[in-house]
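Here the structure is laid out as structure tokens; the discussion comes afterwards.
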Amino acid sequence: MDELEIDAVAEAELDDPVLVEGLPGVGHVGKLAGDHLLEELAGDSTLVRRLYSREFPPKVSVEDGVSELTCAEIHAVSVEDGRDLLVLTGDHQAQSNTGHYVLTDAILDIAEEFGASELFALGGVPTGELIEEYAVVGAVSDESMCEPFEEVGVEFREDEPAGGIVGVSGLLLGLGERRGFEAACLMGETSGYLVDPKSARAVLEVLEELLEFELDYESLDDRAEEMEEVVGKIQEMEQQQQQQQVPTDDDLRYIG
Amino acid sequence: MDELEIDAVAEAELDDPVLVEGLPGVGHVGKLAGDHLLEELAGDSTLVRRLYSREFPPKVSVEDGVSELTCAEIHAVSVEDGRDLLVLTGDHQAQSNTGHYVLTDAILDIAEEFGASELFALGGVPTGELIEEYAVVGAVSDESMCEPFEEVGVEFREDEPAGGIVGVSGLLLGLGERRGFEAACLMGETSGYLVDPKSARAVLEVLEELLEFELDYESLDDRAEEMEEVVGKIQEMEQQQQQQQVPTDDDLRYIG
Amino acid sequence: MDELEIDAVAEAELDDPVLVEGLPGVGHVGKLAGDHLLEELAGDSTLVRRLYSREFPPKVSVEDGVSELTCAEIHAVSVEDGRDLLVLTGDHQAQSNTGHYVLTDAILDIAEEFGASELFALGGVPTGELIEEYAVVGAVSDESMCEPFEEVGVEFREDEPAGGIVGVSGLLLGLGERRGFEAACLMGETSGYLVDPKSARAVLEVLEELLEFELDYESLDDRAEEMEEVVGKIQEMEQQQQQQQVPTDDDLRYIG
Amino acid sequence: MDELEIDAVAEAELDDPVLVEGLPGVGHVGKLAGDHLLEELAGDSTLVRRLYSREFPPKVSVEDGVSELTCAEIHAVSVEDGRDLLVLTGDHQAQSNTGHYVLTDAILDIAEEFGASELFALGGVPTGELIEEYAVVGAVSDESMCEPFEEVGVEFREDEPAGGIVGVSGLLLGLGERRGFEAACLMGETSGYLVDPKSARAVLEVLEELLEFELDYESLDDRAEEMEEVVGKIQEMEQQQQQQQVPTDDDLRYIG
């Protein structure tokens, strides 16, 4: 295995496509969004590239007994009445600091190969608490890009994301800008504690407006309901534990 | 020391051999199995290769005062009325993520050199608790391989192993598949807390059926008995500790 | 992204300049000092180089929604009646041991390119407690350099800094000396717990004397006042917590 | 800084010298021994090589205000009526797994350059408790080497050192053996908690017998006395703390 191995699985003709990145990160928002996008547009998409790398975790995933080596996948998506897309999905980011740089450069190479000059990195921005309303926070590689984003409700905040954007999403902006891309990151607010399908939906709704495609959200909403049940149970359990820890009069009488 | 150094210790003519990997992992199952296999078939085996690498821990092991640099060994085994084998054993896996890729590629190079196109990685799948019955869970590089395995009792489970297979065992499947091998991983159930000779035996019994050789298990069973004594003592000690922690009436009287 | 990428943003003619390094470290003293120096001498300075590297954290910082890839910057500063300067600033050190060596060599390359043969690394030396007086401790690459420093109040102490000087500051002395530079490190005493603008001021006052430029300190003093308010509040909170933990007669009566 | 930089500080003619390694490790035994050896034979020794490397910690040590880049030193020692020596000393081991391999190969290159074919790595073997008698445990690269060592009191134990020998000391045996050296490691028993001059003395006394030189031990004995005072004080403090933690009748009366 070289530092990088790129399998050309198939080819596709795309017209000025937009790269959309959906790798795991905060709240798994980017991954949920990218996976859902592909699911909904499966009829219009073709797997074109697989990236393998020494920089990925040294493992295989196993599904129904069949193994698959860690990789990232790029699908070419050609929607009617919408922008052509290159969708990047995967289960892992790189495992070292330099690895992130290596991987991001490879992704940009592939994007250039297909004629892309714009990209969206999708992710989450942690709020530290469970939330009801899901704003989408933005970051762009150049100031001139802000207006169309603000028009569809993306918020550019003074102090967020605190600490910047780490990993492939951040480097797609940083290295993308150096290589002539118009790069943006859309981050759905999320608690940061859980996988968050509602946050993924918020991000995809912005993307729909900007890239003119339409998605159905039924499966994401189903997942959101499952998550809410889980959250409910955790909160119940925590309350029970707290009640158990307060010493009652009976406990004290036993000691004294 | 280069990234890899392979010593050709001896040569051997093998007919369509199967690579069998027994490096340490969960419950040391793979290592116990690999070492036992070599012990039992010692009369039919020749040490052919030693692998040294910067990716191994920087240490020597010491036995009776004599040092030995960390390495992995490959033995050629030619059993009558059974498949020829290349058995990989060692005390350590690689020490870094990229190191696992480097090491696994080297192992596959050697396997190809001897004409192998099939491989078995041996390991354990942790159950999190002590068990009585030892199932063997399987993972294969291609779906078409499942049937003969199921026929000898290997179980292909929907959600196991959770988290996939990490390290050389996993990469033997992942990189092996890319290089044209038929690759399988046999994992004996094990608690994950202890070295588990019974799990190793379960795995070897499956291998016996698939590769048509016969093993004696006396020394493995002896080790299993030793382990059971150790487990028994640990359980006794834990019970005593628990009894000591419950405050008795006497303790309470002292405070009050 | 190569191991290093150096953008030549602009050129400048400097006469025997001195390299001044202000990267983050203990108490952020070096960074505060470097940033303040640039702020005050902005009228006389030009950004000449940006360093990007795989050895920097794989992230972008985001300010008002606009992203910027991690980098270090070098400004050429030409002050009237003072030594010409090359000022190195940035938000991060390298992320690995070998990375520090790589980065420091690159910085020295640029310094040589502009004709520098002297350098100052700025930092802090931790005292472990809040202090009132701010001494500046020194380290030099050659004994002959001590006198002029002592004359302006720099202290060379027998056992400080204990553990030496780690990171780019230390390597600027170590590698700088091997490459023919006269290298010195000025370290302001600081508690080590907080960002310390007073310590940065102490260091800059020494630099002013040695390099014959003049700085205004109003903005640094403002930051120092803010820090003192923060410290005051932390001390108040700690006192309150301590008072709460002492069991009162009332608490004891409740148990007994 | 390349991966390695070796400064040829001076040359020396040695006759079949023995490489003696004294880098820091368990109980700092090897370092104390190596430093003491050089101190005592200073009149007969010349600094011949300095090794710098990206694999060393990225720092300078500072003594009386003067900086020194992390390095290892090799002195050539020509004693009358004793074996010629190449003594390796330093303050640090390599900082990564692969770094140990790189560093050890460089040391062996220099040893070969000076015509050495035998080596001694000096270190400590931890007992886990303070001891009175200091045995010296041995490990050799080949079984045939044991006898002369046993004759001077070196012990070859069945299960020690458990876990083998890690770092440059271990690799000097492992890589040394592959490069045709007769390699041995002498390890003084030590608690593992403290710097141990008595253990260093025990190791040097064995070396004296094997290599036919004579050392004075006054300064090492002084250090041993200092250590014993420190140990005494720590033991006193621990006893006081224990006495304070036992609740007295008075304490209990207060609660009840």
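Each chain gets a letter, A, B, C and D, in the order it is written, and its residues are counted from 1.
Everything below uses one rule, namely that a contact is a pair of C-beta atoms (placed from the backbone, for glycine too) under 8 Å apart; a residue touches a chain by one contact, two chains touch by 3 or more.
Source: prediction; values computed, not measured.
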item: Graph separation of chain A and chain C (steps between touching chains); value: 1
item: Most remote chain, CA-based centroid, reference being chain D; value: A
item: Equivalent interface positions on chain A and chain B, same or different at half; value: different
item: Centre-to-centre distance between chain D and chain B (centres being mean Cα positions), rounded to whole Å; value: 36
item: Centre-of-Cα separation between chain C and chain B, whole angstrom; value: 51
item: Residues of chain D whose C-beta touches two or more other chains; value: 255-256
item: Contact graph of the chains (line, ring, star, complete, other); value: ring
item: All touching chain pairs, where touch follows the definition stated at the start; value: A-B, A-C, B-D, C-D
item: Contacting residues of chain A [partner chain B, same complex]; value: 1, 52, 54-62, 64-70, 95-96, 254-256
item: Residues of chain D that touch chain B when the two form their complex; value: 94, 97-98, 100-102, 104-105, 138-143, 146, 156-158, 160-161, 163-168, 170-171, 173-175, 177-178, 183, 185, 252, 255-256
